[in-house]
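After the structure tokens below, expect a handful of questions from me.
Just so it is clear, A, B, C and D label the chains in written order, and each chain counts residues from 1 on its own.
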Amino acid sequence: MSERIKHIGIFTSGGDSPGMNAALHGAAKAALANGMRISGVSRGYEGMIDGDFISLNEKDLQRTVHKGGTILKTARSDRFRKEEGRKAALKNLEKKGIDALIAIGGDGTFRGMLAFSELCTLPFIGIPGTIDNDLAGTDYTLGFDTAVNTAIENIDKIRDTAESHNRVFLVEVMGRDSGYIAIHSGLGTGADGILIPESSEDFNRLLEKIRHYHSQEELIVIVSEGDELGVGPVASKIREVNPSVDLRISILGHVQRGGHPSAFDRMLGIRLGVASVKALLEGQKNVMAGIVNNSLTLTPFEKVVKQHQVDAELQELLTLFYLK
Amino acid sequence: MSERIKHIGIFTSGGDSPGMNAALHGAAKAALANGMRISGVSRGYEGMIDGDFISLNEKDLQRTVHKGGTILKTARSDRFRKEEGRKAALKNLEKKGIDALIAIGGDGTFRGMLAFSELCTLPFIGIPGTIDNDLAGTDYTLGFDTAVNTAIENIDKIRDTAESHNRVFLVEVMGRDSGYIAIHSGLGTGADGILIPESSEDFNRLLEKIRHYHSQEELIVIVSEGDELGVGPVASKIREVNPSVDLRISILGHVQRGGHPSAFDRMLGIRLGVASVKALLEGQKNVMAGIVNNSLTLTPFEKVVKQHQVDAELQELLTLFYLK
Amino acid sequence: MSERIKHIGIFTSGGDSPGMNAALHGAAKAALANGMRISGVSRGYEGMIDGDFISLNEKDLQRTVHKGGTILKTARSDRFRKEEGRKAALKNLEKKGIDALIAIGGDGTFRGMLAFSELCTLPFIGIPGTIDNDLAGTDYTLGFDTAVNTAIENIDKIRDTAESHNRVFLVEVMGRDSGYIAIHSGLGTGADGILIPESSEDFNRLLEKIRHYHSQEELIVIVSEGDELGVGPVASKIREVNPSVDLRISILGHVQRGGHPSAFDRMLGIRLGVASVKALLEGQKNVMAGIVNNSLTLTPFEKVVKQHQVDAELQELLTLFYLK
Amino acid sequence: MSERIKHIGIFTSGGDSPGMNAALHGAAKAALANGMRISGVSRGYEGMIDGDFISLNEKDLQRTVHKGGTILKTARSDRFRKEEGRKAALKNLEKKGIDALIAIGGDGTFRGMLAFSELCTLPFIGIPGTIDNDLAGTDYTLGFDTAVNTAIENIDKIRDTAESHNRVFLVEVMGRDSGYIAIHSGLGTGADGILIPESSEDFNRLLEKIRHYHSQEELIVIVSEGDELGVGPVASKIREVNPSVDLRISILGHVQRGGHPSAFDRMLGIRLGVASVKALLEGQKNVMAGIVNNSLTLTPFEKVVKQHQVDAELQELLTLFYLK
């Protein structure tokens, strides 16, 4: 069945994340080595609707493995949510002769593919590209390791200032409803507190620490953007509990999405890119390629839901470092 | 006259900036080579009032040249603003046998020294330590080059995301009332607009660009924190002028103050540290050591005022890149 | 049985690797939370023989998680190879009241522990600290991820020059007899060839490429230091095959061992540090804590041998990228 | 006279250096703003002989300011040394309608222009692009600041390992016959010794230090590649003087030429690019644009010779830090 695939379309969708270009490189290498053609679709579903294709050259892809962002560009597409949009997209794919699709994106992207699959029989494979590391079906999403590295480099810098002044610093990191970036960057920088959406106990502990805080000491607290309180209310509460605190707030923001991918994300991108082509060769469809316990794994799109539970080992570390 | 100096006290005061440890290293090396002792004062004027001295070891200083922040810690001191505080500080200096002071800090620090000089005859030398590059008497303040490097590295990352999405990004950089960090980091990253406190014409130009902005393009605009409008109102105005813009805001914040000093700031710190001891040896007092047109220069504290004018060559570049 | 452990000794041995300080932090945190004392031994077995202990303070460890190298220092010890040395070490441990040992090092370190265990009944736990990633019993050794990140950052820089000149660059990376660093850094930078000790076929492929090389193109080839030929003979052979090649050699060298640990290595160090204390609490002895398929795993020292086989998935990637 | 310039050709020649793309951006901006056209010549004099021109787009240049290397590529040209080559180049320039040339390169490049000027009356302007900082007529050459930053980042990493092992490290940095990179990177990292081509006294001092070296200490010595001895013989001599030394050698090599330009080099490139167009507008010819004492300066090609004297202030620092 799979031998009928002659021309793969590949695109990036949703928020960009570092490592997407490595995934393109891996997929293209595997496609070409297996005698298939591969074309890029610009700006995700938007470009599919507009018929905006990009030819992918092997040497160019090899030379952009190290680049942040996505050379295919990405976008969110309201038009694709409507059947009209999906029909236009299908027509363009057929005209171009594309008979399989690989999408690099998040769970929203894969839901889009599921909706699309009601319209056509093209096999679809997904690659998890998001810095939030919040998807079932993979231990690591593409871009997460880079985002954590960017966060720790910046927190290392903030510590210089915190230590020089004996200040309390609240540093907000990304991760949406998932505390993974906060946990990894907090433990990795020796932070004095970590506030994550998945737990509320930690805030009480922090306030206790703040109550007895004296000015001869610096404190660095990592706050996940998804924490129910948010960095503003946390700051207010801290000032209420101990008005003598010299408090500063830093929101790391969008830098966490960009930058050259880390070594881990470059390799992860290549692995998942190759795996997605192999999945197509094996006749798979509507599955996401991921890494679970160090092995390549395919998970049906229906099961790729957001997952907000911190795993048992991490939970134990958090308890050890911050709740004892 | 200068041969009476036997024991120099050195301290950092006000906001910390990268390169301060290099200045300590340079001053200590020069002091010891000239047969003087040198002691650190902890937490600026606060430590002076508390009699909190730190002995400085040559090898330790050599091994901290690369560190951000200040190993002496720094603080702002309300107590030193009162004569009572200054008298306590003087008593501690006398008890310790310190007969000259070197301060690394900003104009507030030097004003403190001027007030202090009414009380005693100790010679005081200042070293300009601030990332804002806003002091008369030196072409570069200690920490400015590092702050700009941190800004451009982060803006380079943001561009990955901006280019991937065809978004408009407003990036706020530090610099207080001075646009230097904004100008250097904006030109250095090929930004599409730079908003600085020293000019208002640039904002009108930007709005014009925004008015004709179409979504197939990314735009990066650097906003100085001292710009009269601030990044929030700028964003509102942009959305008003062109509601279709996909706008994101990023405030780089405190990371710009920290981190390992750049090569330039390490060398600048060493040069100014050595120069300040030489100034003491030459019998100078109440002057700041700086670099003007590549030469070591001493400027009386009275003349070390904040300076907010962009020099003629930079102004010409701004006009060429953003107002033509 | 395990409740008798009251005082853990911990040390680093052999070559240093980034993440060792994070492992110290993790182990200390777990030891203290479980009511045990923990002391550092300076310079590995050397310090044990000299009775050179270092008290470990929790806050200090928290503030050195981000540092490269090891705050305990490390050394190779000829004296410990002799029974006399081991007896002196044991006497010092007994005098200090240390009743369990955690060692961070390589297979040589663990063999030392095995020899030591003939002399005493103290439980010993090992943590794999080496950039070479060449030990059975763990998927990742401490420092490997940082070394690969350092390698790719430097290779990214070399590519700027290679592309500007249309040159051929041979870049030698570390890894001793293991090609892991070469493979990861080569795939991660889009290298045109990778030469590793585990394979010889790749060199023939490369020479074929070189034979048809024309000067309008740059080529980057990663050579593992353990490759039987070495970078010098490889260069000679290339010049022989195609004398028109503008060839340059770069040996990345010791920078790969240093630098702030990556996010991954910080977390790995903390995980393994905590795991080693847990192993002691569970009554384990003479085992190495590692991560296999994302789970903490204990492997008897006898089985922790050097392992030079590239795993099947990596081998497949190498074939796909360089042998097809 | 100058109004006749309608079409500038610009090229990079000799070794590449970070900041060259910023200079292209600056020159293009200034040319276009003054109503002139500007075209790139590929691969320096080689591309000129081959008639290989590249059209320069303003937006593209804005988006490559941060890139290392040169988007125009560079080469050394034997053919241009012969009159035949120069005649072919001139013919191509005339055919293309180019009536002025800007060259970014070293003294060899400018000598090529002087030879070329015997053949034609086109005005030539030079921009000093070399990491060696060894040219009369400018205080800083383009790429020097980046190279020093790359060197100090790598030396900072090596120090982690040196400190962990109490080793002696010899680190060779670039700079050809000039010790500037060695001095700046050595002072900036607190090195224990600096060996430069301009001085021999320093080696005797180092050997004295080594003679009394005991193993409880690390030593880092920076060796300029142009030092008459070279890193190999220096190592032999050290081992001879004190065989107990645990010595390691690291040659930083080509990474110093690449990488994203530093903030300083980006601004320097833009300034010199703009200045070179202004020089053409003013009717200048056969001069190099440089920065002397913080002011834009034009120096006739004849006077742009290699300059190997360390300036007085640096010499004083070297004496203070290493010869006292």
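Just so we're on the same page, a contact is a pair of C-beta atoms (placed from the backbone, for glycine too) under 8 Å apart; a residue touches a chain by one contact, two chains touch by 3 or more.
Which protein is which chain? UniProt says A, B, C, D = ATP-dependent 6-phosphofructokinase.
Because the structure is predicted, anything quoted here is derived from the model rather than measured.
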**OP:** Please state, in steps, how far chain C lies from chain B along the shortest route of touching chains.
**Re:** 2
Original post:
What pair in B-D, A-C or C-D shares over half of its contact pairs, by residue number, with A-B?
Top reply: C-D
Subject >> Gap in Å, rounded to a whole number, between the CA centres of chain D and chain C >> reply: 36
Original post:
Centre to centre, by mean C-alpha position, how many angstrom separate chain B and chain D?
Top reply: 28
Original post:
Of all the residues in chain C, which ones touch at least 2 other chains?
Top reply: 156, 159, 163
**OP:** Note which residues of chain D are touching chain C in the complex, please.
**Re:** 12, 16, 18, 43, 67-70, 73-75, 150, 154, 156-161, 163-166, 169, 248-255, 257-259
Original post:
What residues of chain D sit close enough to touch chain B in their complex?
Top reply: 22, 25, 29-30, 33, 61-66, 139, 145, 148-149, 151-153, 156, 159, 163, 184-185, 187-190, 192, 260, 262-264, 266-267, 270-271, 274, 292-296, 313, 316-317, 320-321, 324
